[in-house]
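See the structures that follow.
Two complexes follow with subunit A in common, the first pairing it with subunit B and the second with subunit C.
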Partner chain A sequence: MTARARVGLAPYLFLLPFLVVFGVFVLAPLGESVVLSTRQMFGPGASVFVGLDNFRFLLHDPLFYKAVRNTLVFTAGSVFIQLPLALGLAMLLNRPGLRGRYVLRLVFFSPQLVGLVFLAVMTSVIFQKRTGVLNQALHALVGVSLDYPWLERQIMPTLILAALWMYVGFNMIYFLAALQNVDRELTEAASIDGAGPGRRFLAVTLPAIAPVGGFVVLLSILGSLQLFELPYILLTGSGPDNKGLTIVTYLYQSGFETGDLGYASAIGWVLAILLAALAVGQRLLAREARA
Partner chain B sequence: MSGRRGRRWVHLLTYAVLAPAAVVTLVPFAWLLTSAFKAPQEFFGSMFLPRGDGFLGVAWDRLTTGNLTRLFRELSIGRAMLNSLFLSSVTSVLATLCCAAGGYALAMYRFRGRRVLTWVVLGALIVPPPLLLAPGYQVLYRLGLLDTYSGLILPAMAPAFGVFLFRQASLQSVPPQLLEAGRLDGCSEAGLFGRIALPLLRPMTGAFLLITFLGVWNNFIGPQIVLQSPEKQPLAVAIAQLKGVYYEDYGLLMAGTLVSIAPVAGLFLLLQKDFVSGLTLGAVK
Partner chain C sequence: MAQDREQPIAVARAFALRWPGWLAWLSPGGWVIAAIAVGTTVVVVGGGSARPSGEVRMWTFAPPHARMYEPLLEQWASEPDGRRVDLEVLSLPALERRMLGGFLSGVPVADLIEAERRVASRAFAGPLDAVGFLDLTDRLREDGLLDAINPASFSPWTFRGRIFGLPHDVHPVMLCYRADLVEAAGIDVSTIETWDDFARVMRPLMADGDGDGEPDRYLIAFWTTFPDQLEALILQAGDGFFDEEDHLRIATPTNARVVASLAGWIAGPGRIAADVPEFNAAGNKQKIDGYVVAAIMPDWLSNIWRQQMPELAGKLKLMPLPAWEPGGRRTSVWGGTMLGIPRTAEDPDRLWELAKRLYLSPELSRALYEEGDIVTPVKANWSDPIYDRPDPYFSGQAKGRMYLDLAPQVPRRTSSPFNTMAMQRVQDALVGLVELLRDRPGTDRATLESRAMDLLRVAEADVRSRMDRNVFARGETP
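Now for the complex of A and B:
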């Protein structure tokens, strides 16, 4: 009993840093952002109340739709190209008796150490027309023109490729962990019963990795929808004809280049709603799949 | 018999896919490393190293450390690197301590408001960071924290994500009986946390320290918005600016990228065992 009394304030003190930071730098900005989204601002000091005009304007803003479209293209690339590759690599690495697994895992994971800013700078040099090493290699191998303008004509594929290099190994780590949940005996039993590799994958492997798989898909979607640094630095902005404009780039440009934190907040809320809808949708789908 | 031979084929096939994938992954690193030591006039002469009659058929004497000297002598990248080092180490140590303490409290104590606070942590987890950019800037402006390191460190000091991870880790690896025994021996609550819980949370603290360090090191948008003075900028912003000015000096850009990646790569290689186990801890549970 005395021990319990002495415990008293301890948990609150342990949680104090989190609570203060949460209050000042999460809760207060959230409230602030509701207020801001009803104002038009000219720099951080001057503003006028505009009610819901920011949202009204946003819904008719062709640039915003362009940003949404680009962002969704990138997200689709992440989910339908990056994740299957990550799962494939994980399954290969998970084969019993494979030598060098540890080193290979490290190799595939290593691009994750490169920050997005640095990846963007590297990509800008590699994908440069005429002088870029990619075009030089493609020219030598398959005779593609040295002047093929990746950073003007193939902006979204370039972004997807660069992200592929960076994130396949990262997601592979999660899938590798998930594959540890696959029951080896069950796989072998299925094999003895005459199930081919495709059937074994669908009937045994996939259900076993589904919980982690769903989590990885969700993380990948949420992360992709917040794409910013890679295109912003690669293209020094949003690229020719805004072909590389993403939702967060638009938010950043509105808030910190045009100086209208109000409009930026409105974009932030629409993004948050989009993210929440997708997260809820994914949960519902996952539940349905399990039932 | 045929089964064994089939298995060997599958094995070879596995390597036939994995080896090229590993090469594709490593080629950009090799290219980055060699580009950083090329003078502008050499840059397009060869894909990796200039051919010559030196050791291994490479013209080593045509490589130069000129890019690196320029970075550190003329472009004060050294200062940016110290800034990055400072921001990353201070933030990651503080965040690890605050998150470990918070998560430990949520997991190991029964106290009034615990359920609510757990929900607060879970709720904070789903707030997308871009939503906080504009209003966060406004809050920092009001607190007079713009263009200060505190304006970057304080908001990153106790992320909900970390509190949640440490809550899970504590539930998994800190036995309550051990704490109770410590209490009977007269150990203070802070002592229980520091001397019993923290060592037990070791893989998680290592991983989280590294994740946070990497995150701050590679963070661009935060310092870009909060800091204004050029001499306060960390590497991520400095290199982005370098790209804006010297966009045609590829060797210089690659040298800048190389020196920005090298320190974290070294740190990672030191701590990688912790890292991978910690990374997947949240996922497998």
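Now for the complex of A and C:
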């Protein structure tokens, strides 16, 4: 082997560990899940080829549609409530004159440090009937019944609220970084030209942060569509009458509670296709906007 | 730019050329990485399966069970042909994952697995030869254990007529009530025979003493979010979700009557129930405060209350569950554990002997009650005077004997893997009825039962659609 050939081989050798791990733990399971989605399973030992029957059943499965509906409601909440709030917070905490802004940034980001599981447990404690802080406070302030069942009657708003607590600070960091890169000369020039704060935001700031905004929107949508831990812990499953059932919760229930990994794989692939379509759509929109 | 690209190549070449022969194939850094990769692979592959030969592995999910078994296992190991038993306590989800993962992939699991009902039922699916546990039916028959053990205790481990587990318990259910509150109000519980009696006789305890417009306490801890209690109450009435041949039957008049009654407990003018959960600090606080008068209590739960709410010692009493109709069943069942031998286990005959020693011995039955308040399913051990011992926590009642007196009435259960799904759909039906009652509190009983039947039909149709598309559940074995 010549010295040049040996040197040429080196990058591939360095890549090899990653490729092996990626192949064994990502590509092979992906391939296996395609095979599984064409099989019907019943418990750990029974499996039979059913072709596209899992996908056919999925198209007529009312629970799947309920899961999709709930997931989309949560996603809408994430995009239309969470992101504007994150942007607003970022703009507020980007003001040089604001005292304690570094501490506030840490405060808003801090839920990320404890993780979603802890936050879900805390949310369940806060929203508990009678003993929960929220009902205690509302009872004392406006006389709301201590028994008001948030986790039975207001499941999606509660989930959205808990996600707000978790992710507003996280998304705020992205917006903050983007805002700090907005050309100050442009803003000043707009001010000199007589543009007010609203006009400056729409004409200068928003276009400048649009690429980051698009990325955050995409990240938010993809994360929301994969919602699992929050309802699983908060509602110990999917909640009364499946009001908190999400696509991934349904996937989990089908695969690990009912024991049909084939059907769960089919759900997983439908979700994967949905996610891929959204990602591609976002890229195309972003490209068009840039053009 | 070209010079920039050449520079690293030149450096790498300079390194490589200093090494003689095959060593020069990689740079020193490359060899270090390769050595780490090989070393860690050897450790992972070689170290993972190290297991002393002759050792038996056993998994359980309950630390108190493990404590009870240890002396017996040590004794077994010291016998001439005994073997050391490696007893591992796993959390229930971990045990479930390991067990199902092993059954799915064919990787050996423990030689003995103690599984809780809901976990074990995941293995009871598909054709008989696909069940990961050894069929124990013939062994049980040959050893006369089918008659020696309370018959209902076999039902959760019976799949397609074959038994795959040795039962650990009976888990009869009684009603636990706050004797201090009930007796202070001058209420005589001996006049209670049915649930209607219970609501009527106990009603004075729901007075609004503080004038806030709401009762100071409710009569029973029950809610739409309590699936185990819901199942226990439906089983008590007699129908359950599956018949004795494991055919689905959710929409029955009995089930409709029970679900309608339960909805009336939660909402409407006849409300008597409150959302006071088990295994939860807030729920425990409410129980200690007397926010609920009674709770549904299997034998094992009495132990948890004793551990978690010592403040209630001497304030509680037990009574048989009120029946759904005069002369009806006064108990039900909640929970259950079995000991199974996986098919992959070596020397199943020896393991069967060990399993019998663990579950059938009088010493262990006694320990099970002393440490866990659980009554044994082994009928020969029911004469042990320990069950007649007064229990100070329950105001001096002979709790063990009271549970054992109800053991023969405990209803049989299904092992169907669709049982959890059926229970969830019935829960959905209950939620629907409760919402109806909240919207229209004046709904009369007949309308409520008729609506309950409609909702149970929807529930049954949904579960049936999933069972019907399952070739294995249809009984076909491709």
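To be clear about the criterion, the second predicted complex is superposed on the first by the 282 of 291 C-alpha atoms of A that agree within 3 Å, B and C clash if a C-alpha of one lies under 4 Å from a C-alpha of the other, contacts with A are read in each partner's own complex, and residues count from 1 in each chain.
As a convention for this text, a contact is a pair of C-beta atoms (placed from the backbone, for glycine too) under 8 Å apart; a residue touches a chain by one contact, two chains touch by 3 or more.
What you see is a predicted model; the values in this text were computed from it and never measured.
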Subunit A as common anchor, with subunit B and subunit C clashing or fitting: clash
Subunit B versus subunit C as contact partner of A:F80, first or second or both or neither: neither
Which of subunit B and subunit C A:A264 touches, first, second, both or neither: first
Partner chain in contact with A:K129 - subunit B first, subunit C second, else both or neither: second
Contacts of A:N242 with subunit B and subunit C, given as first, second, both or neither: second
Superposition-derived comparison: subunit B or subunit C, residues of subunit A touched: B
Subunit B versus subunit C as contact partner of A:V7, first or second or both or neither: both
First (subunit B), second (subunit C), both or neither touched by A:P17: both
Stretch of subunit C penetrating subunit B in the combined three-chain arrangement, among 147-155, 219-227, 273-281 or 417-425: 273-281
Intersection of the subunit A residues that touch subunit B with those that touch subunit C: 3, 6-7, 10, 14, 17, 44, 125, 128, 131, 236, 256
Contacting residues of subunit C [partner subunit A, same complex]: 9, 12-13, 16-17, 24-27, 30, 33, 37, 100, 103-104, 122-127, 129-132, 214, 224-225, 274-275, 282, 285-286, 291, 417-418, 420-421, 424, 427-428, 431-432, 462, 466, 469-473, 478
For the subunit A and subunit C complex, residues of the former touching the latter: 1, 3-4, 6-7, 9-10, 13-14, 17, 40, 42-46, 48, 50, 53, 57, 62-63, 125, 128-132, 145, 147, 149, 152, 236-237, 240-242, 256-260
Touching residues on subunit B, where the partner in the complex is subunit A: 10-11, 14, 17-18, 21-22, 24-26, 28-29, 31-32, 35, 43-44, 47, 98-99, 101-102, 104-106, 109, 111, 114, 117, 120-121, 124, 126-139, 141, 143, 154-155, 157-158, 160, 163, 180, 183-184, 189-190, 193, 214, 217-221, 225, 236-237, 239-240, 242-244, 247, 250, 253-254, 256-257, 260-261, 264-265, 268, 272, 276, 279-280, 283-284
Complex contacts: residues of subunit A adjacent to subunit B: 3, 6-7, 10-12, 14-15, 17-22, 24-26, 28-33, 36, 44, 89, 92-93, 95, 97-98, 104-111, 113-118, 120-122, 124-126, 128, 131, 133, 136-137, 165, 169, 173-174, 176-178, 180-181, 212, 215-216, 222, 226, 228-229, 233, 236, 247-248, 251-252, 255-256, 261-262, 264-265, 268-269, 271-272, 275-276, 279
